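Naming follows writing order (A, B, C and D), and every chain is counted from residue 1.
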Amino acid sequence: MSVKYFDHIATNPMLPEVFDAMLPYFKEQYGNPMSMYDLGMKAKQAVETAREQVAKLINAKPSEIIFTSSGAESNNFALKGMAMAHQGSGKHLIISMAEHHSVLNTARSLEKLGFVVTYVPVDNHGMVDPETVKKSITKETTVISIIHASSEVGTIEPIKEIAAIAKEHKIVLHTDAVASAGNIPVDVKDLEVDALSLSAHQFYGPKGAAAMYLKTGQRILPLIYGGIQEGGRRAGTENVPAIVGMGKAAELAAADLPKRMAHVKQLRQRLTEGILKIEKVHLTGHPEIRLPGLASFVVEFIEGEGMLLLLLSKGIYAASGSACTSKALKASPVLVSMGVPTSMSHGSIVFSLGIGNTTEAIDSCIEEFPQIVKRLRDMSPFAKEGWGALEASGGHKEGA
Amino acid sequence: MSVKYFDHIATNPMLPEVFDAMLPYFKEQYGNPMSMYDLGMKAKQAVETAREQVAKLINAKPSEIIFTSSGAESNNFALKGMAMAHQGSGKHLIISMAEHHSVLNTARSLEKLGFVVTYVPVDNHGMVDPETVKKSITKETTVISIIHASSEVGTIEPIKEIAAIAKEHKIVLHTDAVASAGNIPVDVKDLEVDALSLSAHQFYGPKGAAAMYLKTGQRILPLIYGGIQEGGRRAGTENVPAIVGMGKAAELAAADLPKRMAHVKQLRQRLTEGILKIEKVHLTGHPEIRLPGLASFVVEFIEGEGMLLLLLSKGIYAASGSACTSKALKASPVLVSMGVPTSMSHGSIVFSLGIGNTTEAIDSCIEEFPQIVKRLRDMSPFAKEGWGALEASGGHKEGA
Amino acid sequence: MYSEKLMDHFTNPRNVGEIADADGVGMEGNPTCGDAMKLFIKVQDDVITDAKFQTFGCGAAIAVSSMITEMAKGKTLTEALSISKEAVADALDGLPPQKMHCSNLGSDALRKAIEDYRSRHV
Amino acid sequence: MYSEKLMDHFTNPRNVGEIADADGVGMEGNPTCGDAMKLFIKVQDDVITDAKFQTFGCGAAIAVSSMITEMAKGKTLTEALSISKEAVADALDGLPPQKMHCSNLGSDALRKAIEDYRSRHV
């Protein structure tokens, strides 16, 4: 059974070129970039080359790139580091209901430190309304953090419009571009953001390497204090091979972006069409303004994990935002904010496509999926009579 | 010219077995450990195996190991996370003057958040006196963090004694064992610490993987918020290959520890004897209670960087705690606390030996080093007349 | 994550469906929580002669449903009432910690079906 | 980190030593800061005919010392006074940013040596 990996949003297989680029830094070039001798300098140069490659991917200056260990770290660093740096001017932050846990939970942790956070809702396409952001601004607002593209529903947020508002109010803007950078064009000059997170394993680079773009002149407090690595902004011995791999992956992504996008977009459209033929299945997220490779749905009357398990039995790897599969056992905040009823949100299914996927793989998914849905619906108490079938727990219908 | 790498405290070359263990997780096993399917589960299992291996190295339970990205991150996480978790009971912390930057600067950042920090001095062997720690305790003290072994002067601190004091006062104790774990026996049960940091690249493991031991039941706030990785205590997609490599390195270290220690100790003693034959060269740190592979000195009348550069020209890699080489351009706090005059501290030179070093390499260092010292002293204005030669800047001696 | 036995009960669930003329029906959970189970029983001489289920929920919830109906069949009502959630989990060779609540679903739905039967046959 | 030229001046420093009968001696820096330089000059008809140095300091400090003595030789005192720290750094094909202060050391020591000469020859 051939593997159909449609979970690129969880992580990506690394490209062979990326691994090859990393290889020397595991073995001969093991130096610490902080050491002044040749071994250290070669490691340092490799890190600096990677910095240039990553900068180029997002149209930043190399000095504006700070390497971290994960997208989650970049998000924590950006939101907390800027909130703390600006706390003299105010303690109000704005984020959206479409944020990744690593932004959402950082915001919550800041609430415990006395910050006030406004969580702006999204519309039924998962889109943040810049006007709502604008209305949420108070004299105390210092930082806005809005996701660039949702990893759950694919919607690309109007960052540029939000940036204009932020600028007007002299508020710094961070965007979590972990799901987008390397997969669609991300240009920090065009977006006019002050900070941006990206993660290598989302664009065929290694795990353990990520970055934060911080615009020249922007103030931030470190998340990890210590030595003077990354210009004193992020301590810890650099993970040289992973950073080198991230650089290479960025270079390859920059070169191949249009081709990659066209490939996954055409597959996604094919898959979406196929899947929407099933009754009571709804696309989630914006129909057009979305990540090209991400097809996300809710399937009524059944639950996501069951779908995933049966898909797996056919060699198909997907994801779900359902509470059961989230391991945190909580309904996805973005689906809730979009107005998807909680009951329906449990039927979330997300296929995230990658450059290695083929039309055949998509077609086999289109063939298998309706049968899987049928099988689970045949077991569901709701499929025949709808969601009303079992209204109040404990009650039962007459005539049984 | 053969390379004589005596800077194992900066970083270690990875063992081939470690790299081999990592290899599959770069390629076929690219899954995200959070994913429920086989690919994810294999990654998860690999992470859990590594957790057991690391736990075993320090006699902890696997559930007490939290993976991080660097020793610096572990130190920040431990000190800040525990200080914040306990701030309801008090805001006084105790650290020593022998701490690594990643503890020292985290403590300083906590001062800005309203914490009060006592920096206990060390004696002229770089040793913390448990009595001084005891005397520094106030009703407000919640966390003590003392380095296990200094990476600059090699001294192994009396953590067990300090732990007894901490326990008596119901204060949590963290120790930075980055320089020691994997190189000498580190047993958390024996040390009776509540938290401990260790880093893979210090024991022939990969960069980008480190860990924090946190005793069952100990409270901590995350440094990186987000998903539920590491039991919700450290978010971010796991760097699976690096974690696997850390596990393997821990396993190998645990098995080989006595052999490795004997090897480097004998080399260190040979080197120390050779080097102390030079006039006006002093051993720094404790003569006996020290890291077996670390030989550290101050050489009077000359500066560390010059020594490093000339050593390099002979293929010898070493380090210095001199201000000039620190890149932060500050005198080493531990040398200052030990009572080494600042002028002399600039002559710091540190040789940290590893399992790949040979007697021949040591002998060639013993042969070259005196000539290097002589060459630099011949240039120094102090060598002939001593430190007094140029007392006040701008003044000059009569009779010139 | 799941045992082979559990996967077997998920992939080939026993006793799926409705019993049109059930003697007792129990419902537990609700779609908002992500788990809902409807359990039907036929009872003769105080013994459960048939049991069927309809379940909305994760793999564990479906496997638990399958297992509890299997366990209930042939048991007296009193015996059936004493089937603990641990027993169901054990019968599936264990449940992951975060799925333990699913085993409640089964025993609670069964209890409600029995209560429903009894309330109709007092 | 260092240019080849700088490394050459560090490894083969020119004009190391004392001038026993120097006409001017300038000292700059101090051992506590990690850099200290002693610069000796011989002067004839307002021209520096010889220059030597003794330096305690990093590679950059030693190379700067070597370079400034080379640059000073043959210059009139006025010309020598106008040797800027940038000129010294440039002559070494640049200095890393964190080492730029080392170039001060050279020009300051030279200035002091010239002042010393002048104070003795007023």
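The rule is short, and it goes like this: contacts are C-beta pairs under 8 Å (C-beta built on N, C-alpha and C of every residue); 3 or more make two chains touch, one makes a residue touch a chain.
Just so you know, these numbers come straight off a predicted model, no measurement behind them.
Novice: Provide the C-alpha centroid distance between chain B and chain C, rounded to the nearest whole angstrom.
Specialist: Distance between chain centres, rounded to whole Å: 57 Å.
Novice: Can you give the whole-Å distance between the Cα centres of chain A and chain B?
Specialist: 35
Novice: Once you find the CA centre of chain C and the CA centre of chain D, what distance in Å lies between them?
Specialist: Inter-chain centre distance comes to 90 Å.
Novice: Just the number, please: Cα centre separation of chain B and chain D in whole Å.
Specialist: Result: the chain centres lie 38 Å from each other.
Novice: Multi-chain contacts in chain A: which residues touch at least two other chains?
Specialist: Chain A, residues with two or more chain partners: 36, 305, 309, 325, 327.
Novice: In graph terms, nodes being chains and edges touches, is this line, ring, star, complete or other?
Specialist: Contact pattern: an open line, chains touching in sequence.
Novice: Among the chains present, which pairs are found to touch?
Specialist: In this structure, the chains touch in these pairs: A-B, A-C, B-D.
Novice: Within their complex, state which residues of chain C touch chain A.
Specialist: These residues of chain C touch chain A: 7, 10-11, 13, 16, 19-22, 25-38, 40, 53-59, 61-62, 98, 112, 116.
Novice: Considering only the defined contacts, which chain B positions touch chain A in the complex?
Specialist: These residues of chain B touch chain A: 5, 7, 10-14, 19, 22, 26-27, 30-32, 34-40, 69-73, 75-76, 100-102, 105-106, 108-109, 199, 201, 206-209, 221-228, 235-242, 305, 308-309, 312, 317, 319, 325, 327-328.
Novice: For chain B, which residues are in contact with chain D within the complex?
Specialist: Touching chain D from chain B are residues 301-306, 309-310, 313, 322-325, 327, 329, 331, 341-343, 346, 378-382, 387, 390-397, 400.
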